[in-house]
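Labels run A, B, C, D, E and F following the written order; every chain starts at residue 1.
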Amino acid sequence: MPLLPPVSDEAAPAEVAAVYADIRATRGTEFINNFWRVLANDPALLARTWTDLKAVMGEGTLDPLTKELIYVAVSITNGCDYCIASHSTAAKARGMTPEMLMELVSVVGMANETNRLVTGLQVPVDDAFMGPFQK
Amino acid sequence: MPLLPPVSDEAAPAEVAAVYADIRATRGTEFINNFWRVLANDPALLARTWTDLKAVMGEGTLDPLTKELIYVAVSITNGCDYCIASHSTAAKARGMTPEMLMELVSVVGMANETNRLVTGLQVPVDDAFMGPFQK
Amino acid sequence: MPLLPPVSDEAAPAEVAAVYADIRATRGTEFINNFWRVLANDPALLARTWTDLKAVMGEGTLDPLTKELIYVAVSITNGCDYCIASHSTAAKARGMTPEMLMELVSVVGMANETNRLVTGLQVPVDDAFMGPFQK
Amino acid sequence: MPLLPPVSDEAAPAEVAAVYADIRATRGTEFINNFWRVLANDPALLARTWTDLKAVMGEGTLDPLTKELIYVAVSITNGCDYCIASHSTAAKARGMTPEMLMELVSVVGMANETNRLVTGLQVPVDDAFMGPFQK
Amino acid sequence: MPLLPPVSDEAAPAEVAAVYADIRATRGTEFINNFWRVLANDPALLARTWTDLKAVMGEGTLDPLTKELIYVAVSITNGCDYCIASHSTAAKARGMTPEMLMELVSVVGMANETNRLVTGLQVPVDDAFMGPFQK
Amino acid sequence: MPLLPPVSDEAAPAEVAAVYADIRATRGTEFINNFWRVLANDPALLARTWTDLKAVMGEGTLDPLTKELIYVAVSITNGCDYCIASHSTAAKARGMTPEMLMELVSVVGMANETNRLVTGLQVPVDDAFMGPFQK
């Protein structure tokens, strides 16, 4: 059970209603998921998070599917079940196939393994890897 | 300082030398970075890790650059400095620009933020996000 | 389901019963929550943890509410659902309002984001921030 | 070494210069720390992060010192050395004494310990702790 | 609900069926747990993970029970409920008693606490601890 | 640089001096490592941590070497460089060989990998693994 109740459309103050309307318009669906409804207990936090998410996850030098895959990879590493479910759903909507999901999970598993091999053995960074964009 | 010393070419037993040779052939460079040289203190671990990495990070339904970006995202979340340096260097070699790196870091930051907003408020998973490939 | 069963009042050996009694006296309630009852499978661990918690979480140069907020912040970052639920309940009992909870979650989210921006870009520590109490 | 170079005042484009100016005005110092200078490689990320940080860390129902203590607690749990150094310096400027720092660290250590006791034994959440603000 | 459905014996392609057969032969039981059945959506990942696990977790200079205890310790620290449940069951089958489990959890809790005390205070590594096998 | 200075023998108040004396007597060496000297800025925290550590890490149903291996495994997973260095040195003093260290690191790597495979695919716990000591 969430610490605070989700905010329904009926109970939403104006600032929240405006964000809900923009989520609906941007996504082309009436559905507002629990994350936004619980976040709405703090209208300023809701508005800021939605604005940032739109700015970060849209088209850029990385395409939206790649960004969703990265989002899922982080969420797996942090063990956030909600985020894995919601962002893998979003990734599927942007074209992720089951094969791509399994490859994503393979890379995440491998990275988590080698991260700990490196850390466990205290491997020093090679000069060749220092400041890759400063050479 | 690493817990165990890196294994030089001269000191490498046959199983290690074979992996070093395959790394050189696969990558087209004489350079063997510290990760492999320290891992070589356990030849079986070295061989297994290299074999797995080649299998996981090669061309698939996800391209090698996307896989490196995911690798960096996990390494940032785990705080593995060596892995961030080595895999961002690898990503750059596969085409990552400074702009792409900054976008990657933005997504990783945003995901880490919202992972904790979700967890902190104990938001329950929406039915719409359950088992995205089971519908 | 817990790995080991909770220890009821009836089944509690003397060392456990003494801790249960002190929890009840200290908190002014008959209720003993699951954490202590499962920990009671190791009476020495139970006694040590309760003694430490009383010492750490009481009045000091930081007040008990601030300490509970810090406890919740750590529990969110670690993704410990039980700890988020129990310590946010404790924080509410010490005066945390819904507004304060939302601000706490905002700070925790922001810190998790910037922690990763810093780590992802490998930002070196400024001299001005070195050893703040050694100047 | 950071992945990308810090952006000097001389090299700063207009959007970055505007943020630098606001940091200086807000903090009443000429000093701009490395975090902002490296983030400036992505002017939009720099501007967004600074705007968010000002909104989140200012006076609210929680005071700025409490927010800095929470920031440090998260940074310790994530192992972000830069963030520990910079935000403990900020906390000291807002009144944190060495005694308060040691208490903060004690609470963070204790929370990390009990988080794992709970998780390791798979303790189920008591009904009494469910949805503390929904009763 | 898992993101992808478990693969039943009936639906298993040849490569998956071969791994299932080897799991059954190695463990001396007909039971195949959910982890392998969901992993089977990617036969190559399934085969690689099973091969690696057999190599890593068998008899070596560390005995299989010690290895399972280490596995549980990592799983607790990462908050992986499935892994805690499955590997503590495996550890019990190799001789772990309730007393040993409670001691394991105590050590994991203590390590998580002192890890954060060290990190929070930014304690520098003593020369005496550098490269323990390089002296 | 540590946030607070290490406490020398000369500057140690009575409560700290007593702990230093017990560390020396228990370990049979004059050497006091940085962890205790920095912790000594809070004599109560120092005394409590030392007392707990002696209780947890001594002989029990698990032997001291196994406990040190578990300590190192947690420290690797948390990325605590100081703790990896100090507890692998302690493990070596209790009999850990380079071969055992490499096996430990292999298990830690493997556990971190499969933890994320499980989490990434949201694998549900099998009934057979529920409450292993409650059957």
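The working rule: a contact is a pair of C-beta atoms (placed from the backbone, for glycine too) under 8 Å apart; a residue touches a chain by one contact, two chains touch by 3 or more.
Here the structure is a predicted model, which is why all the values come from computation and not from measurement.
**Q** By mean C-alpha coordinates, which chain is most distant from chain C?
**A** Of all chains, B has its centre farthest from that of chain C.
**Q** Average the CA atoms of each chain to get its centre, and name the chain whose centre is farthest from that of chain A.
**A** When every chain centre is compared against chain A, the largest gap points to F.
**Q** Approximately how many whole Å separate the CA-defined centres of chain D and chain F?
**A** Taking the average C-alpha coordinate of chain D and of chain F, the gap between them is 27 Å.
**Q** Can you compute the centre-to-centre distance for chain A and chain F, using the mean CA position of each chain? Integer Å is fine.
**A** 34
**Q** Nearest whole angstrom, what separates the Cα centre of chain A from the Cα centre of chain B?
**A** 20
**Q** When you check chain E against every other chain, which residues touch at least two of them?
**A** Touching at least two other chains: 1-4, 45, 52, 77-81, 84-85, 88, 98-99, 101, 103-106, 108, 110, 112-115, 117, 119-122, 130, 132-133.
**Q** Note which residues of chain B are touching chain E in the complex, please.
**A** On the chain B side, the touching residues are 1-5, 44, 48, 52, 55, 130-134.
**Q** Sort out for me which residues of chain E touch chain A in the complex.
**A** Residues 3-4, 41-42, 45, 78-80 of chain E touch chain A in their complex.
**Q** Any idea which chain C residues touch chain B in the complex?
**A** 72, 76-77, 79, 81, 84-85, 104-106, 108-110, 112-117, 119-122
**Q** Could you pull out which chain F residues touch chain B in their complex?
**A** The touching residues are 79, 84-85, 88, 98-99, 101-103, 105-106.
**Q** Write out the stretch or stretches of chain B touching chain A in their complex.
**A** Touch list, chain B to chain A: 1-4, 31, 33-35, 38-39, 45, 49, 52-53, 56-57, 60-62, 66-67, 69-71, 73-75, 77-78, 80-83, 85-89, 92, 97-101, 103-104, 106-108, 110-115, 117-126, 128-130, 132-133.
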